[in-house]
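Alright, structures below, take your time with them.
In what follows, subunit A forms one complex with subunit B and a second complex with subunit C.
Take a look at the complex of A and B:
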């Protein structure tokens, strides 16, 4: 018995520090910041231009579209769904305000209201199909990816937006202070609002509950289908805003904007790299925004390292895999062992 | 507590369901906390305003502090949870044409524990699911306090104060205990929008204390034991101020000790004026806690008895529709000559769960493992079977040490493991019985040109299923269509196909009805007679007494005692599993 008692006490002394350490290491946000620091440091040493304010500003502004999409994607994935249709939602939003902006100088504030409306309407479409028609999310949004993509063609009607008013360009391509672009600030602002929503409101917590176990949530009195519906609407809403940021940043929009660069997959990649799990109920938006920024930095670093652009998709894929492996590994720290099955006791 | 508030509360105490549910709930939750709670319970328990805090009612959660919010004493709040009779009238329900409930009427009275008994498939759980809004009845109606309820969903049921504690607790694994408790109705700040996490944790702790759940509110649910999860479900019912709580077989995963804690809580709630619904297969506990027992058989109500009228034999014969003899101890012949050691476990350790576990099993022997949930008994079995990494220790089967243990290697060597959680780790629920039975021995199935010969596979499965007398219409239906007892038999036949020398049976009769239980005991003793060594892990001490030649007692991850033959009594085991001395 004394041997047992001895091991018990020693366990108690060691556990807290180990647990704390494990928790810190597991924080995906911390891992990402660390990884970013490494990539930036290495690239800066090899190519001092990498940390020039114009390049930093470019990378961050570039990531803001992905970041905004990833915020919405995170909401959907937390609720155990997925939204593949964010690309045409972004595209439709961009052209719907792009033409009046180009031809009539549509005020930015009005444009914002319009893209939000467009995003909400298209998001409601997804939400109805998933939560009321009960079509699995991946099938629903694969279908609406095509349907909305077709709609984008019809709306664009072969025209292109090539020339946007100056104030659009100013928002999309200038900095508050050197190296901190307005576009990223917008994305970060949205992320903070959504972060607060997810963390501090019953609605936000309900998304986590539904993603964890929809049956359990149903039994606990959570209106599961309404919550799922809401995530798609919010995702559409954010994709609409992302469309405006895209328009301002690139100054162009046409019938294949969004879909041609597969932004839906990039947004999912940023979300996964940010630590949100596809199984739902775990993760958060801060990680997703960091994931988007990390993607942008890493891909730019590849360019600086003179790796041909054809390797870019492989780079994204590699980062996703790396994130998953890290998940696996850090998820096991402090638990019973790699093959633990009975987690009940 | 000011008397005028109590008075006001008493005056307005009526049936709460006249109040718009959503609003009442939202308000109620923004104003939890000690003081308000006390009003509520005083009303429920004493039914005399002004005597708060004197009676036998459970004491309010400790740290008060936030109690006296302005809206705390409002009529909507204090009307809540008033005792009410809950009735199901002529409820009928069928699934795919099969009638599960046939014109059943039950009445749950406040201040009573109302128990349903019946064999698996009798319709007990279905009735509870209807009462809690998970299922909609085909016909019939529900009345709460004399008012007919419309379409009930779990959400609206909770709003009315009706909650079902399910057979298998279902919590949201990655959320904290506190959040699971309050999910959907987390207390908010004065700002009315943002969740007040400090309040959540503080008040969760007081609720946990009240149901006897000792746990840090920040613990993620996935790290909680079944017993703890169950207590959390009870606490959730309290958070929602429920007046009807339904317990669907809550005790089947619990140990005797935990069961006592739960019963204590049930009695407390009953005395506070709640109507308690209860389902159990363990008749002793049914007789112990019930104020009224009703027997369901094949979807019909066949008997309704009050406390004192019900006897064990009476219930059993009503349940199965025939008389059965009292089960006596299965005594195996201890003088089998050909005994040899088939399993040896040496110093098996997996910190921090268990350590230095050593024992041996001989052929023809049935050895029990007694221990509380969380004592490490299941984990030891998992480690032996290679499901869980062990830090050190050896396992030998038939004298041969298994170096790298994996389920496959163990099965090859003659060791099989029947897991405790049949639904999750045992059956492939949507797959045909044939393939469920042969799933453990796929590499050995008869083949031609490398392809499995389906007809022979089916014959093998049929023969094996016949050995354990699985009752089924066809081998080619999904195993989910079988009753719990028959699923378990099919699991036995799966492992018989592997021709094992040692079988580890983790809770072999969990979720199995009485008649089927006896059959499983028979199967076990037949297997032992044919030479198989069985290791039975069970929370039911009676079961160990009935079936085992030896019982090992596990306490906090170590084997602390061993009883043999006539020494094995429920009383002795009960002492040992909670860490009592073995002398």
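Take a look at the complex of A and C:
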């Protein structure tokens, strides 16, 4: 990073804008916490079991996969991209470590290294196509969704992971203290690291700059395409880790893990609910994690309210619409100028 | 794609689709036609049971025309610079609605009309939310995709209706005229209609201009919002038709049938040469791409490959095509002098030694 880039992304130059969106982001996070409190309070009054430690622990552990994916998705969307291929990346990571874990008791640390590697390699694939070949992100990741999905099918070779060692299960399904599962702590830990990265490093702040206005970022010496490349690699990396968390939490993996439950759309939903906007450059990872947790709480509340589980997708859709309506920025994008010059980049 | 952004907006958007751009679009369509010919030839020779005396080839089309029908509507939306992610579940919902109404005792063709009307109304709702609240269509249709899917599942219940009247199954599904499947005829009619509507009418031209340069479209008196809403209605309507066709083909309604149609449909549109950011593209390309992709998938399935490896090849095909196409655009899009001038301009803006070297390929696409 050159001196010019350093000074332009430094705190002083960015202060007015940063204060503005920092305020807005905090607002969305408050909204989410408030909404969570309301949903939890109402459900707890109607069904006291809702706040039992086992249910809380279940909801939070359940959200940790989505949360980890959403952290990566947030990085990509902040850079004005989108990544639909996180589902098969998660799936490939889960089966690649799932088989050795099932058959040979692969240590968890080794598994972690492997899923990180898998995620990085597949993320690099996306990154090359987007930032070097310049294929629009939505098309790139649509294509790699199919390609990686096929790869997952080939790797799985018709086999299923059904039986994982105990220590995997312990990580995926037990609590530090009742109600606080390890899996969620892992996701929150990752979120904090990424949050610091976005806030405190030039590289992280460059992602905001690129997503906000790639032209301006380019002119101020930020290597735009390299930053975009990086976001896809990080997203793949996090999707790989999410694959391991998924494996530990559910104890199973097969040729369609991830794609069959449309986790890519859920992760985008969590990100959008968390206040990150598709127009890039605005939002943050803390909101996305809260979005994922809120999604899980709201869907569980629906189950407690005896709404049949088939309506779950409608709940997700409704929450996306709600997030959209409550986003004060979405309403005035169209005033005057070209509304979507360079959208979906 | 930051390449688009790296030029000042005025410079980029002051042009209209140039004749050289139009020529390249035509070349793309011709190249697709050649690919289609080679592909059919290859599979006919290499895979026994693919050609089937010609009628086998024709009957294979039934397996993928539903994707083509959705792609026709999706093309209109993408041409306007928007996207409709709800087309897949819209297709499921339409099939289920039709089937449930029929089971309730409604005449089947009336049920079809009602299902199509509901599809159109949902498209209208999508379009209105997008234009009135000025929100990203990706966001709105992502939400409606979830919602429509849930409604379809709820409507269908545990055992969605099956066993429709013979006349319906014959016309909408498996019937043929001579060796030509009815579905192919329906597709031909729809494709011709959309091709004329987009290529030859005022509305179609407006749509492309909106996608190319929205402010210019607004300033030249085009009713932008109304036209965009129209595109969403068309997309939902076509998705509705495709849902009916699928139900007819399988003689059963299924609440998840549309889920697998959306991504291939978008692939077809992009493969057909429609710019994903709108403004450029030809329906003829989309029509040919339907067959290119369809025969490729079916050819692989007939040859005994799994459907997932066929999907994988679809993805690779899409990437290869786009790398090729974007390379073509980048090379042909700007003459050498223009590139030099822009580079000089950029250096003047940045000053010597201003940070990172210009990223590779910063010319206009």
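Definition applied: the second predicted complex is superposed on the first by the 301 of 345 C-alpha atoms of A that agree within 3 Å, B and C clash if a C-alpha of one lies under 4 Å from a C-alpha of the other, contacts with A are read in each partner's own complex, and residues count from 1 in each chain.
The rule we apply is simple: a residue touches a chain if its C-beta (ideal position, glycine included) is under 8 Å from a C-beta of that chain, and two chains touch if they have at least 3 such contacts.
It should be emphasised that the depicted structure is a prediction, and the values quoted were computed from it without experimental measurement.
Once the two complexes are laid over each other on the shared chain, residue contacts for A:154 go to subunit C alone; subunit B is not touched. By the touch criterion defined above, A:189 reaches neither subunit B nor subunit C.
Of the two partners subunit B and subunit C, it is C that touches the larger number of subunit A residues. Residue contacts after overlaying the shared chain place A:144 against subunit C, while subunit B stays out of touching range. In the superposition on chain A, A:223 makes contact with both subunit B and subunit C. Contact with both subunit B and subunit C is seen for A:213 once the two complexes are overlaid on the shared chain. Within the superposed three-chain model, A:312 lies in touch with subunit C and out of touch with subunit B [touch as defined at top].
When the two complexes are overlaid on their common chain A, residue A:282 makes contact with subunit B while staying clear of subunit C.
Legend: residue contacts after superposition of the two complexes on their common chain; A:265 is shown touching subunit C, with no touch to subunit B.
Overlaid on A, the two complexes show subunit B and subunit C touching the same residues of subunit A, namely 3-4, 213, 215, 218-223, 337-345.
Of all residues in subunit A, only 2-5, 82, 129-130, 132-140, 142-147, 149-151, 153-154, 210, 213-215, 218-226, 228, 255, 265, 268-269, 272, 278-279, 308, 310-318, 320-321, 324-325, 330-334, 337-345 touch subunit C in the complex they form. The touching residues of subunit C, when paired with subunit A in their complex, are 1-9, 13, 81, 83, 133-136, 138-140, 142-147, 149-151, 153-154, 213-215, 263, 266-267, 270, 276-277, 306, 308-309, 311-316, 318-319, 322-323, 326, 330, 349-350, 354-356, 358-362, 365. Per the touch definition, subunit A reaches subunit B in the complex via residues 3-4, 7, 11, 15, 196, 199-202, 205-206, 208-209, 212-213, 215-223, 281-282, 336-345. For subunit B in complex with subunit A, the residues that touch the partner chain are 134, 154-155, 157-159, 164, 166, 170-175, 179-180, 183-186, 188, 193-195, 197, 222-223, 225-226, 236, 240, 350-353, 355-356, 373-374, 376, 378-379, 382, 387-389, 420-421, 425, 556-558.
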